[in-house]
Amino acid sequence: MVQDRTLPAFQSATAQVSSEEGLRLYEDMILGRYFEDKCAEMYYRGKMFGFVHLYNGQEAVSTGVIKAMRSDDYVCSTYRDHVHALSAGVPANSVMAELFGKETGCSKGRGGSMHMFSKEHNLLGGFAFIGEGIPVALGAAFQARYRRDALGDAAADQVTAAFFGDGTTNNGQFFECLNMAALWKLPILFVVENNKWAIGMAHERATSQPEIYRKASVFGMPGVEVDGMDVLAVRAAAQEAISRARAGEGPTLIECLTYRFRGHSLADPDELRSQAEKETWQARDPIGRFEAYLLEQNLADEETLKSVRQRIDGLIEAAVKFAEDSPEPDPSELYRYIFAER
Amino acid sequence: MAETLLFNALRQAIDEEMSRDGTVYVLGEDVGQYGGSYKVTKGLYEKYGELRVLDTPIAENSFTGMAVGSAMTGLKPIVEGMNMGFLLLAFNQIANNAGMLRYTSGGNFEIPMVIRGPGGVGRQLGAEHSQRLEAYFQAVPGLKIVACSTPYNAKGLLKSAIRDRNPVLFFEHVLLYNLKEDLPEDEYLLPLNQAEVVRRGEDVTILTYSRMRHHVMQAVKSLEKKGFDPEVIDLISLKPIDYDTLGESIRKTHRVIIVEECMKTGGIAAEIIASINDRFFDELDAPVLRLSSQDIPTPYNGRLESLTIVQPKQIEAAVEQMVALRV
Amino acid sequence: MAETLLFNALRQAIDEEMSRDGTVYVLGEDVGQYGGSYKVTKGLYEKYGELRVLDTPIAENSFTGMAVGSAMTGLKPIVEGMNMGFLLLAFNQIANNAGMLRYTSGGNFEIPMVIRGPGGVGRQLGAEHSQRLEAYFQAVPGLKIVACSTPYNAKGLLKSAIRDRNPVLFFEHVLLYNLKEDLPEDEYLLPLNQAEVVRRGEDVTILTYSRMRHHVMQAVKSLEKKGFDPEVIDLISLKPIDYDTLGESIRKTHRVIIVEECMKTGGIAAEIIASINDRFFDELDAPVLRLSSQDIPTPYNGRLESLTIVQPKQIEAAVEQMVALRV
Amino acid sequence: MVQDRTLPAFQSATAQVSSEEGLRLYEDMILGRYFEDKCAEMYYRGKMFGFVHLYNGQEAVSTGVIKAMRSDDYVCSTYRDHVHALSAGVPANSVMAELFGKETGCSKGRGGSMHMFSKEHNLLGGFAFIGEGIPVALGAAFQARYRRDALGDAAADQVTAAFFGDGTTNNGQFFECLNMAALWKLPILFVVENNKWAIGMAHERATSQPEIYRKASVFGMPGVEVDGMDVLAVRAAAQEAISRARAGEGPTLIECLTYRFRGHSLADPDELRSQAEKETWQARDPIGRFEAYLLEQNLADEETLKSVRQRIDGLIEAAVKFAEDSPEPDPSELYRYIFAER
């Protein structure tokens, strides 16, 4: 088992969540979890293909960050993008239909699992190559600053969140973008989902300094380390970073210590991670933990949580049905979308 | 308008488009305070400020990706490659994101951006600064590729490229920046997808682009004196190729010579020959001839360098042989 | 030797060369402890240790450049592109340093290295994981480009590529790793510069490579039943092309069809057609036909994806049309 | 004038240079300076072409580092490579002949100013693209470690020095290589020649954190800041880094604060740098300073120094003559060197 870092402590009690807010977060995490479980099922039943990377275990990050953002803010993801898309508001129907390769998918069946896009929901993608989404996210952030400061649009205070993994932080684009973001004080959150592994490469074997949040310091940028299994801790860090970004005070690097409960993709035999490591992290399941918190704090009762789970269950079933019933893309449109349409 | 140098024609194009549309901005190395390595953006930093003429760190892949992200969200970036060769570092962003993202996103996003700068073989700049990336990028789907060759077309094409809602790779030539030409007083735009018939003729169709147009025209001067009558077409758009204009010419001359500055293997001429073969095989009286650069990195030594690229004399000889000998 | 899967044939090649020559090493993402995404290096980490089977961070440009530097100083690196597409990020190192440095250095350094990994269109992997980089890299001078297609040639070619004193881009195909074949017990090497005549025939020459060889052979099965007799040549070397073997065939059949998996524009077939035009124009009874992938990023949807690449039925129809109708 | 950092103090007296050693360093700096001055002259006389980047002002870095290395160590340079080549032992004749594009040039006239190579002198290049030499240098360093640890060659303790500028440290390859070098403890020196400018881009405008040596810290690597106008200070830092590298203790980042006395290249109008800034740095001329030191410490007298200068003068004149008299490459060899020769 790879050595574990001590998760930073967070006083959940200080989080001040309302019951309504708590349920919103809970629902989003359940949505993410159930959606992914259904993907696994559908993949094994031959309904979806290619590389499918599930998000199980990391829900607190997507929910914690994206649910702290506004709907006109931007989200930029990787190949592990289903749940970021859902948190960003892309309907489960469109994400599922995309996975089924249907015309009703958010990328019209052209993209697939690793290429979820939604202009309507300011989801910039779905990037299958490591790191390549970070510059794109930077561009969205630059755009907001440009509108505000070059075009004088005071309302242009949108923030962008770029999500990526620990392995990606050894790639040049990560550093190049930290520099430019800090240099130009761009409204962006670099959210590292450090799940300790990049496919079969343990983080410690890939980097000379495993504490990623510290790298921010040499770019003059705040870097924070967060318990990525605690949705409230993530949310608190995100809120702070978002208000700083919105106020024109620049970027933040947030390192969320988390874990994926499944293999890298549904094709990964997942033989290198130890049972002990998996169990340690499984015990920190962000959903179970938040459930306990909601109950303890009397923000919800078992009944309410159950009804959320049932509703999401139904929603996912409906998404599968929607995807199955949806038409495939029209072969005559093979060349559509190569260029802009007049 | 008085005689305008090519680099100033480009600057005018950018300036006009920037003042017309607030979302147009320039980014790249030394485009701002320095005014651009070849002075294409000179004065624009002072006029439009540091966000609209953005000096970037030396991080080609990331600032190109940043341009893509800003284009996806409504801006119209013009990326200057200080030398287009440096964009080898940005190949991933150009191919995957500028080129393919619109399609892969199922039409969610448009990427209205221009990537421009000097390419080609200069005067003993050495291998790395003498690249002809049009050949490397031509297979990338979703990109338009344009090469300008005169102050007039440089200005009109660049303006159209900036207004185009797709990613356009726009090649200038390091040795053409100081060409001079009278430009129209009034605003004008030139279509990105139309080849330019530089000279009408009957004997043979010469297809070329960028600096080689001028080598061709030099050869044509001598050829005219000897009584030859070649048709010269500047391709302008290297992707897609304007086969309407080419076809019209080929149906008239039945002979084609392509003069390109990129290397022969996998070059622009290769694709054109293959397409001519697809479309106009029966029109040809002789195999299409390609005159290309040698398949080597450009050597520094001047004599070797001039042997590497096509010279006017070779073009002359090729036309003479093809036309006079009726091969 | 018992039936060997293609990925094991590659592993054998690497294993044999590593045990033969201590300077041969493998580097790339997950090549070590994980054994490689497609298991080509499985077991080698345990056998040769962590320096000779080096797990790298996800930094393609730099680890490829590192391989170049180690090759310049006497090692023989084998870079695994986990997917060859990822090497778009290493385009600069591959083109400028692997490809051009020897020439630019005036012969000071040799760069004996292999860059290998899976490419091609798989089963609904999406646009970015379905690249065919042979087209993007074919214009780079100084590189050799090889594509294997069977367990037998995969092993023999990879061994030769490892021993070659030049940089070799070695393409495997993501859908061919599980092909099976009996391999010779004894060591063997195959020449890198020689096309493989897969089937002798008289009617038409079909040129192909990598996975499309198998689509062609599937088509040939039906064609044989209908009485056609095509000659099938697997190019093996995509750069340089073996025009000796091609010429011999063309002089016999006078008809050529090229089946490739890369996109049509700027693809491998474009260059071959142009060269055939240069060399064998008078031998042709019909224009060379190219069957290529569509000029689009590979869509995820299975039906669109299969429309994007060439299918056996299309090859069949093309041969029938060209031969039977004597077009 | 861009704000200046305080140059770190160095006690030259602790340097303990012998007279012989001092003269060796002096001679190397003079060689670099005179060679470059001659290049300017020859360029304006139309003897050499293309982009020619001179090194004037930075001599203490090349001499300080390379003269502390062994002849079997490796040097990796950029487009500003003439003087690194000279320090590495490439004869002035071959460097000058290369600039003249002659067959007798170290790259046989194929490379030119930005592409100096010499296998004989372990000069890896001559890289015209920003940053691309760093991975190549890393490869040479990896090679040494590989020979030692994988092939069991105990004598394989060669060290590699990679030289590059401040502007280059914003490029991804820099960071990617810092990480790998530290991770694998490779015997390499990353020598940043921070001359405050990247063509027309002031360092402060290009980077969010101008103190480059600090960036080493987040890779678990020692980073040192050195007065790059003091050859002994550079040498001391290099010696320490080299012995650490040779002992298998890994890489060092050395940031040398220096200045170029001429424009970026001979084609650069050099209009952005203020007169005041130029004068401040001119006053720190590493050669004048070292001359004074040698005289003060009685390590040499005026006469000796003068004779060094005269000798180098003669050597440069001879190099020009050699270059002029040398043959051009044979046109029939246009395709030679594309592939290895059997």
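In this document, chain identifiers A, B, C and D correspond to the written order of the chains, with residue numbering beginning at 1 in each.
The definition used in the following text is that a contact is a pair of C-beta atoms (placed from the backbone, for glycine too) under 8 Å apart; a residue touches a chain by one contact, two chains touch by 3 or more.
Worth saying up front: this structure is predicted, and the values here are computed from it rather than measured.
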Interface with more contacting C-beta pairs, comparing C-D to A-C: C-D
Chain of greatest Cα-centre distance to chain D: A
Distance from chain D to chain C - Cα centre to Cα centre, in angstrom: 41
Chain A and chain D: spacing of chain centres that average the CA atoms, whole Å: 45
Separation of mean Cα positions, chain D and chain B [Å, integer]: 37
Residues of chain C whose C-beta touches two or more other chains: 56-57, 59, 61-62, 88-89, 92, 96, 103-104, 126-128, 141-142, 295-297, 299
Junction residues of chain A - those touching two or more other chains: 107, 109-111, 115, 127, 129, 170-173, 176, 179-180, 183, 205-207, 338
In the complex with chain A, residue positions of chain D that touch it: 170-176, 178-180, 182-183, 205-209, 214-215, 217-221
Residue ranges of chain B touching chain A (in the complex, touch as defined): 22-23, 25, 48-49, 51-52, 56-57, 59, 61-75, 77, 92-93, 96-97, 101-110, 112, 141-142, 165-166
In the complex, chain D residues that touch chain C: 74, 76, 105-111, 115, 117-119, 124-127, 129, 132, 134-146, 149-151, 172-173, 176-177, 179-180, 183, 336-341
Chain D to chain B touching residues, read off their complex: 49-51, 98, 101-102, 107, 109-115, 127-131, 167-168, 170-172, 198-201, 205-207, 272, 328-329, 331, 334-335, 338
In the complex, chain C residues that touch chain B: 61, 88-89, 91-92, 95-96, 99-100, 103-104, 126-128, 135-136, 138-142, 239, 262-263, 265-267, 269-271, 273-275, 277-278, 281, 286-288, 290, 295-297, 299
